[in-house]
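Given below, in the form of structure tokens, are the structures.
Look at the two complexes coming up: chain A is in both, with chain B in one and chain C in the other.
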Partner chain A sequence: AVSVSVVFLPGSVPADLPRRLPYGDVREERVPVSCKSPAVCTARPPRGAWEALRAVPYGDTFLPRLSRVAPGSSVCWQSCLCSQPSLLPLPQGVNVYVGKHRSALVRAGQGLAILHARLQQLLQVVSLTASSIAAALSDRVPDGQLGPDAWRHLKSSLGYEITFSLLNPDPKSHDVDWDIEGAVNHYVQPVLDKLSLVANFSVDSQILYYAVLGVTPRFDKESSSFILSAHSLPHVINPVEARLGSSAASLYPVLNFLLYVPERSHSPLYIQDKDGAPVATNAFHSPRWGGIMIYNVEVPASPQTSLPLHVDVDMLRVMEVFLAQLRLLFGISREELPPEFLVESPGNEGLADWELDRLLWAHALENIATVSTTLTSLAQLLDQISNIVIKDDVASEVYRAVAAAQDAVAELAEGHLHSAFQASKEAVTSSERAFFDPSLLHLLYFPDDQKFAIYIPLFLPMAVPILLSLAKMLREARQNKKEPTKMD
Partner chain B sequence: MLAVGLVLLLAAGLGQGTTRGVLREELLLRPLPVGDVAAVFQFRTRWDADLQRGAVSHYRLFPKALGQLVAAHGVRELHLALTQGFWSTQSWGQPPLGAPAGAELWVWFQDTVPDVDKAWKELSNILSGIFCASLNFIDSTNTVTPTASFKPLGVANGTDHRLLRYAVLPREVVCTENLTPWKKLLPCGSKAGLAVLLKAERLFHSSYHSQAVHIRPICRDASCLAVSWELRQTLTVVFDSFTSGQGKKDWSLFKMFSRTLTDACPLASESKVYVDISPKNKEKDLLEVTPTPTSVHEAIVQGDKTTYAVYDLLSPMLFNTSRSLNVQLKWKRPEDSSELSTPIMHAHRYVSGYGLQTGEISTLIYNTHPYRAFPVILLETVPWYLRLYVHTLTIITKGKENKPSYIHYQPAQDRKRPHLLEMLIQLPANSATKITIQFERALLKWTEYPPDPNHGFYVSSSVLSALVPSAIAMKNVNVEESPLFTSLFPSSDGSSYFLRLYTEPLLVNLPTPDFSMPYNVICLTCTVVAVCYGSFYNLLTRTFHVEEPSRGGLAKRLANVIRRLRGVPPI
Partner chain C sequence: MRRGRFAPSGSAAERGNMAAAAPAARWASAAAAAALLLGCCGAVLAGGIQDQAEQFFKSGHTNNWAVLVCTSRFWFNYRHVANTLSVYRSVKRLGIPDSHIVLMLADDMACNPRNPKPATVFSHKNMELNVYGDDVEVDYRSYEVTVENFLRVLTGRIPPSTPRSKRLLSDDRSNILIYMTGHGGNGFLKFQDSEEITNVELADAFEQMWQKRRYNELLFIIDTCQGASMYERFYSPNIIALASSQVGEDSLSHQPDLGIGVHLMDRYTFYMLEFLEEVHPASQTNMNDLFQVCPKSLCVSTPGHRTDLFQRDPQNVLITDFFGSVRKVEITTETISLDRNLAGFESELPKDVLATEPLKYADQLPVAQIIHQKPKPKDWHPPGGFILGLWALIIMVFFKTYGIKHMKHIF
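Our next item is the complex of A and B:
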């Protein structure tokens, strides 16, 4: 549930607002999610609820007050309404201004109906929508119902590993160096600090030499450059991935960000999109895997320059792209804003409070769905093998998972995002521990059909006389029918 | 005092090292006495960063997978060798870097590691994933903690042997799938530098193949206030050039690897090929190396004066005349006397006895030095299913009993840990020492037998570590400058050098049950039961009645036919 408190500025109180304040109004909206397993369908769709608290007679002082709204444990939105354009520092044509924290300025007309509509729009932007729920549950929704965006988001996990790799396929010509430590501290760490509520992150980097893309780029005579077309991008990653190596230290999913400095014989290299236009960032991302950026080295004018050419990577340019890709992979992109909306830039943290809320929400939802699937398949396994032994610790893990999942659902309904997310994380951990317990290995149990196979040497010879006599009886019965009662 | 000297040399050798790390690649080609050729590759990556703190996560030349492993599991030193074949010391001389057949892993952990056994288990599992080897079969039944044989090779403050774990898997087969991940750890991969020669189909078509990874901390500078980490990747291969070269002992890089060298790895700060051209039997100019080497280097390696022809791939002169380097070695006239200079120390091991109940393991250690005795540490690891009778342990030298000055014996526990026997034995000059111990073969549970149990069970090689007296007084040579492994085992003083030898692995037959027996029994009993059941069933269900013979047998019918022909009425 999202509760929105509305603060009216002087002179902006709608005429048809009831006199008695605070005045509340609850809107409920159901999001249809068709599911494979019925257990998942209990996921609550979000409801919009708002209440007008009071009409405040504050003048210009509302802005500092608004930003002080505590980042409490429950989602609480504050909106300011104003009908007098002069009072709000908003540009012309912008009616809703969404702040960095959980607050927004809304310019509404005199009627309550317009206010309703604006708030509805606001909730659409800042809270979970049908599509983001579908994306969170993408694994459990039948295929064909989801857009391509739904597959992009990383699955919820307790932690992520972020690996930056610099690919230098031509160390003879380019001596590439990057200040990755500084860049990570400057640009990535603030975002990750903000995201640390959602999961644990670890960052590392490596330089790989002689790592080439799987596609030979096409030479374009007009621009005298090399072109990677959009349809060949899917083939780029595979040979590179063999070199990336997996992490030895943890089992968390890895996010790969590759910076590719093309060979001297293949530079400059540009990516073309489907229409044939060059991609401005010269980068692309692969859903649930990471992103690749191509970094062209300026070829010096004089051919006499001694090789290898020393290259210092401009980390600001690179990290802009990688951070944008990181946001995309976590599903915190700003999608289809209505035209009269303006969103405040989140600044160095790269992430607004309400975006984090939305992420927490989606992940909690996904965790709960994961728990229910895991426990369902565990139950199916128990149905399949009747003599499986459930140890006490496995049982207690299952109980704990169910309790935590119920807890998470309840907290989510209350709007306590943080505690709901924590509970859902516990539920996932417990359910996974129960499911992957080594004592529950399917192969440990001797299947029944093989027991029968062992006793075939007994059953087969015993069956022969029985079958023979059955055949004989049949034959006799048929003969008896043919010549009825020929008694002496 | 020597350590300080070593440190000084290290600093001198690597003064240009930056935080980016230094890569040095070397290849040593050594003609072996019997006509084989040994090629030893070594890739040294040195990184001036402290892996231990876990703060480092940005890797450049050092491979990330290994770096993370070292940081995550508190590894102080790691040595992994995967070997196919057996280095026969007697005919090939002392190995440049010994390794037992199969897989060998020994690790020193930091004293901050809370549970060494757990870290060891996790480490071996991860290494098994990295190198595609069955190192995950390392468990408590083949892990030992030697007390004296293995000392840290890097900077170490304390040698508490409880932080050491050692395991050998003699059954492990090494092949291409282990080589590929090993090559992937090299900064240049197999794309440039000396590693282009590492072509799997040639490397495994050889008499001996051993690849290893050594990680150890070394002093960063003379003051040794900070540590650097060193990764050595080595690969030793022995080609049988005599048979493949139509009876000639001549060889070339192209003949052996079917590739030639075209350039150095651009990331390497040193890239050299050494050819061992030391004069044997005081005869000079017996062999001829083409092209002309860039320099000639003399060093004392393993107690012997060695002359190397050096090709520096980084020097621009080398590739001036031709685009590629194909080192060739020709013998000017066929060497008539194939007398072998026997190495100072070599060893053999075999299993004797008859029947499937008891047996005897015998180890023979030879000291061929004419006048000097030296001590050797023998490490035996025997699996628990061979029950050693320690009271039968005898050590006999020149017909007399030889009392070891140190014995450490840890008895096995069934299904938990192996026998560990470590002894310090004095080898008198020009002698052969025979060590025998009897054992009884245990019966395993039927699920404990590996696939194909009649092949036998491997017992890992025993390890001999010794300070062998050198033939020539060794000067305090520049360790860092001399090729290959001399810097891994620095000599303690001028008169002896460290040598580690591995004996042959043993193959022991255990009493093996007939695994199809239970099924045979089931089949047999079932058949008997079924036959009985069938006859009973017939007896109970059939009705019996007397039947009049209607037409008689065949003879009667035949007689009737004849009678009819004769015109006589039938019977």
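Our next item is the complex of A and C:
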């Protein structure tokens, strides 16, 4: 549940308000998600609770004052409305400006209905929609309902490893120097700090020499540069991937960001998209894997400069692209915005507060769904193998997972996002530990028919004379009862 | 011998369940087109993301894994190791990195004392093709290849101390290729000459994988005698299975090399290797071609396949969906804007306080203590269980034989 407080600017209160200010209104919307196990899909979308405050004085410091709503324990939005366009510094054609700290400016002077509609749209943008819920539950939803980005985003995990690699295929011509440590501290660490609620991140970097791309670029006469076309891009990654390596100790998914400095003989190298237009960022990314950027070195003016050329990589440009790719890989970026929306750039922090909320929400949903399917399939396994031995710690993990999942659902319903996410993380850890416990291998437990197959050949031959003699004894006893034996 | 729905590859390919594949593709590409139209450009966040919708709808996988198992040991089973290594070589050549391949070889042929050409494993006679190569990475070797380890790899129920290279870290968008070879029979496959895995266990393992969504699609290839019996019991969705022979038939080996002295490859895998050598990462060969790879005239046995559990049409499944690792890519069209002048982040982690006194090694083995140790007085426990029973038996027999009057001599 999300609570939204609407601040009316002076002179912008719509004439057809049903009641006097201030008042509150609650609206609930059910998002229909059809899926295979209805027990899972009781996802609750946001509830809007409005509170119109008194008129707020308008001044130069208006926008900053609207910033940073103290979240407390529930997610709270502030949006501000104005009917006179001259008062608001919004450009023409833009009706909603979404700030980065859970606040927005909405232009809606025409009446309550428009106000409702705009606020509805705003909530859709900043919060979960049916498609993002379906994406979070992607493996439990029938395929027809999934959009194209259902499998683009990284799955929720407890940690991620990020590896920055510099590929230098031609060290004889280019002596490339990149200040990766500085760039990570300066640009990447703030973003990862903001994301630290979501997961643990570990960052590595490496430089690979003589690592070539798998594709030979074509030479394009008009631009006198080398071109990599869009359909050859999928084959670029493979030869490099074998050399990238990953940490042997951790099991977290790895995100690779590669910076490729083309060889002197293939400089400058540009990427072309499907329509043949050169790509501004000169970079591409692969879902759930990472991204590659091509960094062209300027050809020196004089042809007699001695090789190797010293190259100092402009880390700002590089990190702008890599962090944008990181946002895309995590699914933070929003593809379709309604036409009158303008979103503030998140700047050095990398992502807006509401984007983080959305990510937490989606991950919490995904975790809870995972927990329920894991525990259900564990229960099915136990039904199949009746003599399986459940160790005490496995049992305690299961109880803990169930309790944490119930906690998470309750907290989500109330809108306490952070605690819900923590609870869902705990639930997932416990359920995975219970499910993947090495003692639950079904091979270790004989099914009953195999037990019969082993013991019957042993005991049946032994049992035959015993049973026959028992039968004889019974017959004799019965005969004795009928005619007592003659005593001589 | 059941023929039913498991068609031998000679006849027309069976169509699996066509579920919602075609209509979903149409609906979703229309939605993707609509989404593209709606994409708006804010002044700050430049451009919408170009969606290569058609790529996503061919198959839903983002990464590829391969589990290649050779289950026989001993020198005369050279061909099984050569089979596995030739599939390994193809899979690596088409792009799957070693970190995504779990290779299990039950015996070491390359460095076997009986190998006249050490460090090589050949697949063609006259030593034409060395499938061992320079950079083979065997994850489970020799006695580590057991049914238990194989099932642990598949289901993920691995002890926590296992290194990353020995794990199958697949997720719900992984296409997995599982190749097994060795000696088999009707419903089982022999591991290491001492144990076997049954088709029921294998089917249950796949079901455990499906429950936890450890695969998106699975291609199971088996090259053993009566191989088709191993895929009879599968019941989890999204599996294609291929086998080199039907129930009741033997898979035959290809050709011996007189210099090495053993048969080098099995027929089915030999022709499959020749087929795969023609495939390159960008090729569009599909599964139907793989089904035809070894007709009865070449293979003597009748290879079979099973596609009824698979949702897509095998015609649309590329070989590289399983054997290669062609990743979906998207052009990055947006960037975020960073401020160069913002103060850099100073690490807030507390610096470790340096130890003030020099550190030294602890005594690894306190020899002096051990030598001069006095023996510990052990607590006395009354005899339990077996000893008690044994003595009771002895006493009973004694008194039965000799009579109770001897009791006073004992006590």
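The criterion applied here is as follows: the second predicted complex is superposed on the first by the 405 of 488 C-alpha atoms of A that agree within 3 Å, B and C clash if a C-alpha of one lies under 4 Å from a C-alpha of the other, contacts with A are read in each partner's own complex, and residues count from 1 in each chain.
By definition in this document, a residue touches a chain if its C-beta (ideal position, glycine included) is under 8 Å from a C-beta of that chain, and two chains touch if they have at least 3 such contacts.
Please read these numbers as outputs of a predicted model, since none were measured by experiment.
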| item | value |
| --- | --- |
| Partner chain(s) touched by A:Leu458 [first = chain B, second = chain C, both, neither] | first |
| Touching partner for A:Ser202 - first (chain B), second (chain C), both, neither | first |
| Greater residue coverage of chain A in the superposed arrangement, chain B or chain C | C |
| Contacts of A:Ser246 with chain B and chain C, given as first, second, both or neither | both |
| Which of chain B and chain C A:Glu181 touches, first, second, both or neither | first |
| Residues on chain A lying within both footprints (that of chain B and that of chain C) | 242, 245-249 |
| Touching residues on chain C, where the partner in the complex is chain A | 19-20, 23-24, 27-28, 31-32, 35, 38-40, 42-46, 48-53, 56-57, 60, 62-63, 92, 95, 97-99, 147-148, 151-152, 155-159, 163-165, 167, 169, 171-173, 201, 204-205, 208, 211-213, 281-282, 324-340, 342, 344-347 |
| Residues of chain A touching chain B in the complex | 163, 171-172, 180-181, 184, 202-207, 209-210, 242-243, 245-249, 308, 454-455, 457-458, 460-462, 464-466, 469 |
| Residues of chain A defined as touching chain C within the complex | 91, 138-139, 142-144, 146-148, 151-152, 155, 182, 185-187, 189-190, 193, 214, 230, 233-239, 241-242, 244-251, 253, 271, 273-274, 279-281, 283-289, 291, 293, 316, 319-321, 323-325, 327-328, 333, 335-339, 341-348, 350, 373-374, 377, 380-381, 384, 435-438, 440-444 |
| Chain B residues within the chain A interface of the complex | 57-61, 63-66, 68-69, 71-72, 126, 129-130, 184, 187-189, 191-192, 263, 266-267, 519, 522-523, 526-527, 529-531, 533-534, 537-538, 541 |
